[in-house]
Amino acid sequence: MVWHLDLVLLLFLVATAIGVYRTKDLLGAAIIFSAYSLTMAIVWQQLSAPDLALTEAAVGAGVTTVLFLITISRTTRREDD
Amino acid sequence: MKLTDQFPILIIEVPLIAAALMPIIGHWRRKWCMPFATLALSITSMIGYYLMLAVNKSGPISYHVGAWKPPFGIEIYFDHIAAFAFIIALFGLLIVIFSKNYAEHDLEEEKIPIFYTLVMLTLTGMIGFTVTGDLFNLFVFMEILSLSGYALIAISGQMLTAMASFKYLLVGAISSLSVLFGIAFLYSITGTLNMHDMAKMLEVARAPHVASVALTLFVLGFSVKAALFPLHIWLPDAHALAPSPVSAILSGLTVKMGIIGMIRIFFVIYGVHSAINVMPIMEILAWMAAATIVLGAFFAFFQNDIKMMLAYSTISNIGYIVLGLSMAPFDKSKVAYALVGSLVHVFNHAMIKVLLFLCAGAIIYRTGLRKLSDLQGIGKKMPITLAAMSIGVISIVGIPPTCGFTCKWFIALGAMEGGKSLFAALLLFGALFIFAYYIKILNTAYFREPTEAIANVKEVPLSMLIPIVILAAGCLVLGAGTLGYVPIKFIEPAAMALLGR
Amino acid sequence: MQEVVDIRPLLAPAISIICAFLIFWKGENTFLRRFFSLSAAVTKWIIVLSMFPVSLKGIIFTYELLPFAPGISLNLRVDALGMFFSMVSSTLWIITTVYAIGYMEGEHARKRFFAFFALCVSTTVGIAYAGNLFTLFIFYEMLTISTYPLVIHKETPEAMKAGRKYLFYTLTGGAVILFAIVMTFYLAKTTTLSQNGILSIEHGVHTLTLLFALFIAGFGVKAAIMPFHGWLPSAMVAPTPVSALLHAVAVVKAGVFGIIRIVYNVFGVSLMKELGVGPILGWVACITIVCASIMALLQDEFKKRLAYSTVSQLSYIVLGAAILNPLGALGAIVHIVNQAFMKITMFFVAGSIARKTGKKNISEMQGIGYKMPITMATFTVASVGMMGLPATAGFITKWYLLNGALEMKPPQIGFVIVLLLSSFLNASYFLPIVYRAYFVKPLDGDIAVGEAHWTMLVPCIICALYIVALGLFTDLPFVPIQLARVAVEQFFR
Amino acid sequence: MNKKVQNYFVLIVMLLCWAVFLFAVAEMPLMGDPGNITNTHVVPRYLEKGVEEGGAPNIVTGIILNYRGYDTSGEVTVIFTALIGVLAVLKRENIKKDKSLVEISPVKTSVIVTTVVKFLTPLIILFAIYMILHGDVSPGGGFQGGAITGGSIIAFTLTFGLLATMRKFRLSIRIPLESSAVLAFIASGLVAMFFGLPFLTFLIPGFGFHTQELIRHALFIIIEIGIGVATGIIFASIFAAMGKVSKE
Amino acid sequence: MTFLSKLGTNFNYVISTLLFVIGLYTIITKPNLIKKFMGLNIMETSVFLAIVSIGAVRDGKAPIVESATKVQYVNPLPQALILTGIVVAVSTTALALSLMIKLYEQCGTLNADKLKEFE
């Protein structure tokens, strides 16, 4: 049943979100964040919104993550400075 | 349909076209940017003027983009409140004229077209925000004006500007999100996005909790944009560190968008007929506004930096406006003094604050100094600018016969009417406090001997003087006389319409 | 009663404003400056004078000026009282200008000084001619603003401090007044002054009492009713013509004038009687009279002493207004002009002495009478007037006030006692100066006569003569007291 | 320690907010219920008439371009604003003065990567073009395609560096392309205005039925291409501006 | 229908509000600006999730009409809105990140507490 899969995915979303919060290494956080976005894309696919799934995959997981990465490489990896 | 029927959309599109073409023009001919922007904005303000007259003559204009009847398409609803678009265009024009010398003087060569593009974009966003009749469209335009605003603050690239801009961005983004979430909640119970349709559906919707939470989210979001007291932290830095023309835009016009958003939410969507009683949140707003007035004035008192002072006075004036809004009477028996007053003050404060920031900009442009203590005797060096500034000061304090007085009179009257004499007193004494710190400006400007730091300062060039003088004249002329009636006469039907009478 | 629309009420203030701008424009040139000031002063005086006989017939001039917002507009209206006040101020303006021209020789920023001087007087006339509370308020605030540069004219830290104090007091008062006006407008739906009050008892006794208190507090600041008198003595740092203007003509008189307006034109006699706030106001005035006189005794600086005497004298007027019967009112109104002339003489004298000998304290003034006999003579006349001895202006006031107090039912013996006591106190703080001036040899022993410059001497003489004239000829057709009688008739119809 | 306490306090406040939200949530119409007002009030028209009115089997595309086309024009304005903002904060990259991170990074890009990217980029761009042109019948559209294009360009830059990539688009071409989306929208809106119709009307009367369809489709394509190209270039430019490192 | 069972049905909203709150918590408590922005992105996506869930219909097909046969589609309008929303989100992020780069060039740190010292 689709709705149960959804349930798992949603809980995974929460897990990744908390992971983003707890990770000290910004690079890791960025990666986790892209995982979060991808999960979100799947959730939207499950909610039968393919356009959004595509967009989120391309933008959320793709471009946003790349932007985060490049910012981190331009500035710093460690969270405390 | 005739061309004049297309005006409601053209007033948004003309500056947008200008913004889109600006980088291209700027890439070929740097010199043409400013004339081009001026041209576009003058066309826009003519359109706005026409629309304003039309609205005044024959009521609100509804324009259906793509010929889709609302709620299926997007409606542009040009009512009396939307007439503020004309003000935005007009003042934008003045500010662009002013910033010619600034841009050549302070910005590096390649940022000039970017500067004008951003100015056009933010004006577009504001105009769209003001005139749109669709809630989600409102959100989109809010994003346009906010993003360009953030960028404009940091454009000079000086130390700390990036920080101020970032602070603003973070808070602003959260506020936009809360607005979006509010839209989501409302959509879920009304199934539409058109404001008027939404108001209709909201009356039949059976979900008080959802509606109240949505209302709270809206109020939070827009209070951040309007810098109401607990949420004003971002404002002083942003408005003080931005380049002066930008501060004029932000402080005179952008902040008003929060107010206009609140007006739309309170009176158009929730409205007088709605099942949700907005009165309690009005009470809270009234107290927040009171705190804003007092604290804004209080902090401004201890500033030495002119622009900081002006920024804080913006906060306290926003307090006036919101106070007036929050005391709008919902029962038919009463006259809507307070509402009229605050609506007029939206316009008046825009004029005064743009004037003041442009004057500050002129001073900084000539002297490079912004500390009050360094500017002793500047009045003897830059007589016209300082005369204009004094007019602005007198009007923002609300001493008759300048335009600042009328709104205070009305808001105080409204407070009396609402049986909140305390607020009336607070308002009047707040004005007093404001004067207490503005008198410092006048003192240093006129009653001190010029220091050698500004020994050879000249009056600013003509392109800066013209806007200043025009605005100063406006402050005087619109304060009294038959012209003084004009804003009130214009706004009264708007207030009546908002209260559903 | 009969009302005529006439442009002259507008012209009178306009003249001085124009003059002010002319001075701003071409003020560096000494001759032009003097020419502008004097010609404007005279023109204005003539205009006012031309209205005098008409308004003596009880006719009221009105002139509708700019409307502001719905319900509030700027309109001018000259009844006998306003006429009276404008007469005083415009007459004294000429004298003060002449004096100032002499006094300000070699001062800095004379352009600014004379410009704001003119502005200040025009606003005073505006207050006199205000047709509604709103107009009154506007001119009242403009007066505050335009006086500020005069007060801080010296630009010394002390002057700045005094200026800040002045602004703080007066602007706070202004805010209170504005609040009260808003309240009035909300209650009565109008602010137009009418001959017997615009408020009525059904607005509720408590509200009205509060309103009255607010108004008195507001105007009391400029009228220097205790405890709102603090700004007055410290504003003494201003140049003498300014303090003369402040104390005798413009500012403080604006305050008491406002109070009279409130009592008679906003509340009206009948309502005041119903509220029963008259005696309370009267007692406040009495306290001020006595306390200020005692304070004056303790001062050694000449101008300070004069300042406190002003505070006490002003309260005579308030007291007269509070007595609420024709005689009291007459006394109050007449005292506006009397006190103006007496006090201005004293300040002129103080200024001349300071300019001539540089002495500011009374203790240094031994034998000043030998040096400047005429000046001190005029001072003597003025102080006699202050004591209220017969054949001087002061006597008239006292006479009417006493009768008024006795005619009250029940007769307020307290007021009578206070009045008598105060004239005793006046004597006790003015006579020592006179004594010291004539009967004590100067320390340095030189008794060479050296009067001040004629521009400063002549005004003193004129004023002194006028004081006597006011005291003697009370029944001639064209003396101010007749106008005062008309005003009183208008109030007590 | 103090900070910890603060954080706990914030946490509690947040949980309270969540509780408040939950109250609203419990009152919201049941999720997935076809009878919800959201599914009965406005939307049915989109679903029933969407194909012939909106002119796209993919209703979402129909809404984006046609019913609520104005939102989309605002959206492209937003991303244009973002680009200009980025350029205002960090200047545009300068081929002579700046390098990209790859060029200064100590690690040498391996041959495998370069080959794969060389091989893949055209395919990705092809896919993007397909998506752009096919947006009205299948998922995807101008924006997604543009994002993918941008991604591919970014990948190319990451591999071969700023110099190699940006020489491929000269500034005088890039700048017009960046604002092409906004301009495309305005242009197609002005077409309607020219015929005296409201802004962004696509079905222009006065022609035969098929001509109308054709014009509408043409306008759609123009807009889609505009959005796609602009989005791609804008992402590339933002990336270039952020990823540049000045030589000194 | 009881509180909890309604929450069970509206589980997506529950999660999305939770994510909203988590994002806000990240923004408030984390000193690092990049982290703050990840939090902001989480907030944004959570709002989008809520809006899409509003449009969801049980076993509804994606709103792409192949045939004239009557089938139950999901609500396309929220999807159209969210498409705009995502663009807005990425634009905000890009601007914010470029500001951070500028900030780091000027101040050498991205820690809000340390940045306070520069004011």
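To keep things simple, chains are lettered A, B, C, D and E as they appear, and every chain counts its residues starting from 1.
By our rule, a contact is a pair of C-beta atoms (placed from the backbone, for glycine too) under 8 Å apart; a residue touches a chain by one contact, two chains touch by 3 or more.
All of these numbers come straight from a predicted model, not from anything done at the bench.
In summary, the chains found to touch both chain A and chain D are E.
The chain pair with more C-beta contacts between its two chains, of B-C and D-E, is D-E.
Centre to centre, using the average C-alpha position, chain B and chain C are separated by 45 Å.
As a whole-number value, the distance joining the C-alpha centres of chain C and chain D reads 75 Å. In terms of their C-alpha centroids, the spacing between chain D and chain E amounts to 17 Å.
Between chain A and chain E, the centres computed from C-alpha atoms are 10 Å apart. Among the residues of chain D, those touching two or more other chains are numbered 21, 26-28, 38-39, 42-43, 46, 58, 60, 67-68, 71, 74-75, 78, 81-82, 85-86, 89, 139, 143, 238, 242. Residue positions of chain E with contacts to 2 or more other chains are 11-12, 18, 20, 22, 24-25, 53-56, 60, 62, 64, 77-79, 81, 83-84, 87-88, 90-92, 94-95, 97, 99-102.
Contact of a single residue of chain A with at least two other chains is seen at positions 49-51, 55, 59, 63, 67, 70-71, 74. Here the touching chains pair up as A-D, A-E, B-C, B-D, B-E, D-E. Of all the residues in chain B, the ones that touch chain C in their complex are 394, 399-401, 405-406, 409-410, 412-413, 416-417, 421, 424-425, 428-429, 431-432, 435-436, 439, 443, 446-448, 479-482, 484-485, 488.
Taken in their complex, chain D has these residues touching chain A: 58, 60-61, 101, 131, 139-141, 143-144, 147-148, 150-151, 154, 235, 238-239, 242-243, 245. The residues of chain E lying in touch with chain A in their complex are 11-12, 15, 18-19, 22-23, 25-26, 30-32, 34-35, 37-39, 41-42, 45, 48-49, 52-53, 55-56, 59-62, 64, 74, 79, 82-83, 86-87, 89-90, 93-94, 97, 100-101, 104, 109-111, 114. Within the complex, the chain A residues that touch chain D are 49-51, 53-55, 58-59, 62-63, 66-67, 70-71, 73-74.
Within the complex, the chain B residues that touch chain E are 136, 140, 143, 147, 150-151, 154, 157, 159-160, 162-163, 165-166, 169-170, 173-174, 176-177, 180-181, 184, 187-188, 193, 237.
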